[in-house]
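Chains: A, B, C and D, in written order; residue numbering restarts at 1 for each.
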Amino acid sequence: MGTFIGHISPGLAFLSFGILYAFKFSLMVLRGEKIQLLSPSRKFGFKSCLKRIPAEGVMKIVYGTLAVMAEFFYPPGVYKLIIYNKEKPGYPFIHPNEWQHVTMYSYFALSGWVDIFSQACLPKRLFLFESIAITIAFYIEALLLYSHMHGKEEVENSVHTLLLLTCFLVCLVLTVEMWRPNDHILWFTKTCLVMTQGTWLLHAAFILYKPFTGKPWKSNDMANLMFVTNFFCWHIALNIILLLAIFSLTGFWLSRCSRRRGSSALQDTKEMFSFHLKRADGAGPQSEYGKLQAAEEETQLLQVCDF
Amino acid sequence: MGTFIGHISPGLAFLSFGILYAFKFSLMVLRGEKIQLLSPSRKFGFKSCLKRIPAEGVMKIVYGTLAVMAEFFYPPGVYKLIIYNKEKPGYPFIHPNEWQHVTMYSYFALSGWVDIFSQACLPKRLFLFESIAITIAFYIEALLLYSHMHGKEEVENSVHTLLLLTCFLVCLVLTVEMWRPNDHILWFTKTCLVMTQGTWLLHAAFILYKPFTGKPWKSNDMANLMFVTNFFCWHIALNIILLLAIFSLTGFWLSRCSRRRGSSALQDTKEMFSFHLKRADGAGPQSEYGKLQAAEEETQLLQVCDF
Amino acid sequence: MGTFIGHISPGLAFLSFGILYAFKFSLMVLRGEKIQLLSPSRKFGFKSCLKRIPAEGVMKIVYGTLAVMAEFFYPPGVYKLIIYNKEKPGYPFIHPNEWQHVTMYSYFALSGWVDIFSQACLPKRLFLFESIAITIAFYIEALLLYSHMHGKEEVENSVHTLLLLTCFLVCLVLTVEMWRPNDHILWFTKTCLVMTQGTWLLHAAFILYKPFTGKPWKSNDMANLMFVTNFFCWHIALNIILLLAIFSLTGFWLSRCSRRRGSSALQDTKEMFSFHLKRADGAGPQSEYGKLQAAEEETQLLQVCDF
Amino acid sequence: MGTFIGHISPGLAFLSFGILYAFKFSLMVLRGEKIQLLSPSRKFGFKSCLKRIPAEGVMKIVYGTLAVMAEFFYPPGVYKLIIYNKEKPGYPFIHPNEWQHVTMYSYFALSGWVDIFSQACLPKRLFLFESIAITIAFYIEALLLYSHMHGKEEVENSVHTLLLLTCFLVCLVLTVEMWRPNDHILWFTKTCLVMTQGTWLLHAAFILYKPFTGKPWKSNDMANLMFVTNFFCWHIALNIILLLAIFSLTGFWLSRCSRRRGSSALQDTKEMFSFHLKRADGAGPQSEYGKLQAAEEETQLLQVCDF
């Protein structure tokens, strides 16, 4: 939907994914966890299957399906689930924007189904399949965004080009991640780019449909085009700060959990801080001993924090 | 040939190669086989040479040669094996489309000859030469597709740009494959892209020469251009599903072969399934023991299935 | 500032960074030093913290902050720290060039703060964070340079395209450096490109605002555009020579330092020369013994040279 | 020089380099030689220095210097060593084409000087410096070719775009070669591309200045543009065949040399053939024993063949 709400809703979706990723990868880095390409076998059975259903997958399906529904049937009374206009001679195509959006959202929903299937239903988690599904979803988004820009005004094109750039960079990072799934730099680059896509879509909704001055941005004014890029650069800084904040928050939450174990608070915070820095670096090879210790700490944290 | 049949025939050719690749690489992944860069010595002699002739190479030669013939002499009575028009002053070039197609098809036929020469005639198979030949063929196709698009209508260009994109991605994958010939992700990416090229050429033939509404797609209608990209995205999903179906089919066929060996059916299917998953992952390093076991299983399968 | 001084000052800044890098990396190569991703712990305390403040970081902050100030308040009496023009109806954006420049400079200043924070304040240096900060600064510069070029004359665009090319290559090198921080080729490529950016900005200032003939370069003259590229190619040669000169200078300075230790001068120079060549190659793996020897030599050099 | 001879002469230069590379790398592959990044020390002295001067370096200097001279002073009587036209008001630039060509040729001549300096004069060969010099020369060529195309006719642009494509691919291969100097695929790709550049420049001279029909190719004829790409594709095939011929020739010459050692001819040819194939593959890791054997064989070959 080329409307205000049609840009706000995917913006919120991408932003929520970005924040979810930020927490997830911060936790993984701080605990020294790794993605296991070949996970151990799991219990069969409907109950244990339900328990394993990942939040990420459910979010993708819910967002994707709702968005597809909205494209076709929102606002209420509208019915756009048709490709050909049968009333006109030559049966011309109609609703091209809606069908492109539906295609995008469907791929994300599909990626959600793959996540659930792999993490909950299969005897072993197939991380590679999940990774391929989300990568294809972003490539499809990039391709459709590119063909989305024909015959629009310059300000709108400028806004969408920057979105396309972000999306394409996500594609590149995801492609490289298929071969380097445990690279910390790639994890956080991806997170930051997805968050930027989210906040930029939110801003784009206001630029294109609800400008603060009440008047639409003129396309023939060069200053407008230059400020679009400028605002985008500020979004990047904003999202890096947000990412750092989430990382610190996760660190403090982890350290609070370990403090409950009874050691003196001040001592522990200092230790935890240097511990974060050591882990956050992500480049030095972890010793065998370190891994064992990390696993032990993790178990204890889990027992204390009850999650 | 810029005709209906001129798009249908290469479409079928690419699709058949894609399906052949799908079966070949599925089998190789499920059996844990690898491409050997330096194969062991083989028996000389005309008979053993004939036995080793690969289906892929023969297909490339037959398709390529037929297509070259068709460009020059089809429909019957036509003779286009000339470059200069000697009747006009200045001897202008004629049949540029035909000569470009002939160049493309010749490189694929050449790649077929290299396949046969390397796999059947030489004392040792030179996998690298086969790989270089097919890579060059796709690069030449990309280059000619690019220069093919001057002065055509927008719908036709849009269709060909997407074909060029697919072809270029195949080139990239093949280039990387020269240094990583046993990467499972690259194998299936290549397969899926070649299949997409095939089905997209089939669809393109209908869009450009036999539209379902009976009227040609107007180039000045933005909706048409947007739906071209949209249809292409659906082709990708379609081909991924087709690829998964072929992979599962190969898996079931392999498990049926092993069931004949006399074990209880249900037990075996389960084992086979987890065995597929383990193999399909393609990332975990295979232990020495696993390799020996795989080789043994393979020999037994070959004895039972007789192929 | 789209003025003479607005191109001279960043030019001098980039040139000074390039020369700083040239000395720094020459020293590191000649001494066989490596960047340590995970540095050892350091003393806390305000004094030792102040001692560790890096020149590079201070330079970035000073240059960046001064440039931001100049954009808003130079020449004296000007006040440009406003985005909206509140006097006109529709509140149009004003000063787009200034705000884009400010964004660029701020990212470089930010990178300087990260350098100081990481090298001086933290208990352990986080090289990765410094590297990410400067990489983002160059990416932002490239993005803003790209959107800077709308609606300008061809000569100006030509000059800026070459600047953008250099900047983009710096981005690529910095991106690869995140995973290969000790690659000698990348170090010197980066240095040379940053120096080229500097001298090219200096030249650009003269081309655009103070042409030597006194008349502005005409955009419709093809010869002008061709000479812009030509001059750029000469800048590259010039900067390579400058880089080699700095490398030799550093080598002679190092050899003078070791000569003071009392060995015969001629003998030592020869040894030092072949020693430089051996080290400069940067490809042969250094033996364990070589490393120990290098560390020892370094300590002795430091004692003699007192720096 | 935008003339017939101005395209023929660089064409012959590139072709001769390509053929030189073809022989050089064929020999290296067949003998299992490798490029040594850190060569052993060599004898000093003027005589031994002169002996080591490489043919490649001398060729680059001679070709480059002659071409620079020709740009400025050919045909005799012409004097173009001026940038500003002092007779016109505003001192406009003149001879932009000549100065761009001079810049290109100078970089190649410079690369020749670096070759000689590194291979003959220095105590140790610095392969990395030679490699960087030639890489920069090709990047400069690509940059100047790109800016060379403004305001020319479409046929000329089409011819130059294909030249630029070849040149850019050489740049890419040379860049990757800096980190993988012993990759056989890269060696032969580079060789083939340089040869293609040569033969294509020769063909371009005829297309642009001496068309076989006597009439210049019309730019508004689409068939002409399509045939330009078509001819280029045939050049690639031609050069691959030429490369294979040179490789086989080198193989037979090597086998003839070893036959002189007195073994039965037929037996030896067979052995040599399978030996070539084994070596040509370039992927299988060579055993320590193989290396020793290769070094021994090489010494014997050198004693017999006297070169």
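Going forward, contacts are C-beta pairs under 8 Å (C-beta built on N, C-alpha and C of every residue); 3 or more make two chains touch, one makes a residue touch a chain.
This structure is a prediction, so every number in the text was calculated from the model and none was measured.
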Worksheet entry | Starting at chain A, fewest touch steps before arriving at chain D | 2
Discussion item. Please compute the angle of the rotation superposing chain B on chain C (C-alpha atoms), rounded to a multiple of 5 degrees.
Written reply: 180
Item to complete: Mind checking the centre-to-centre distance between chain B and chain C? Centres are C-alpha means, answer in whole Å.
Response: 48
Worksheet, complete the sentence: Between chain C and chain D, the Cα-mean centres are separated in Å by 34
Worksheet item: Which residue numbers or ranges of chain D touch two or more of the other chains?
Response: none
Response to the item:
Among line, ring, star, complete and other, the chain touch graph is ring
Practice prompt. Can you identify all of the chain pairs that touch?
Written response: A-B, A-C, B-D, C-D
Practice prompt. Show which residues of chain A lie in contact with chain C when the two form their complex.
Written response: 158, 185, 213, 215, 221-230, 232-234, 236-237, 240, 273-274, 277-278, 280-284
Item to complete: Under the touch definition given earlier, write down the residues of chain C that touch chain A in their complex.
Response: 37-38, 41, 83-84, 90-94, 96-97, 99-100, 103, 107, 110, 122-124, 126, 128, 132, 136, 140, 143-144, 146-148, 150-151, 178-179
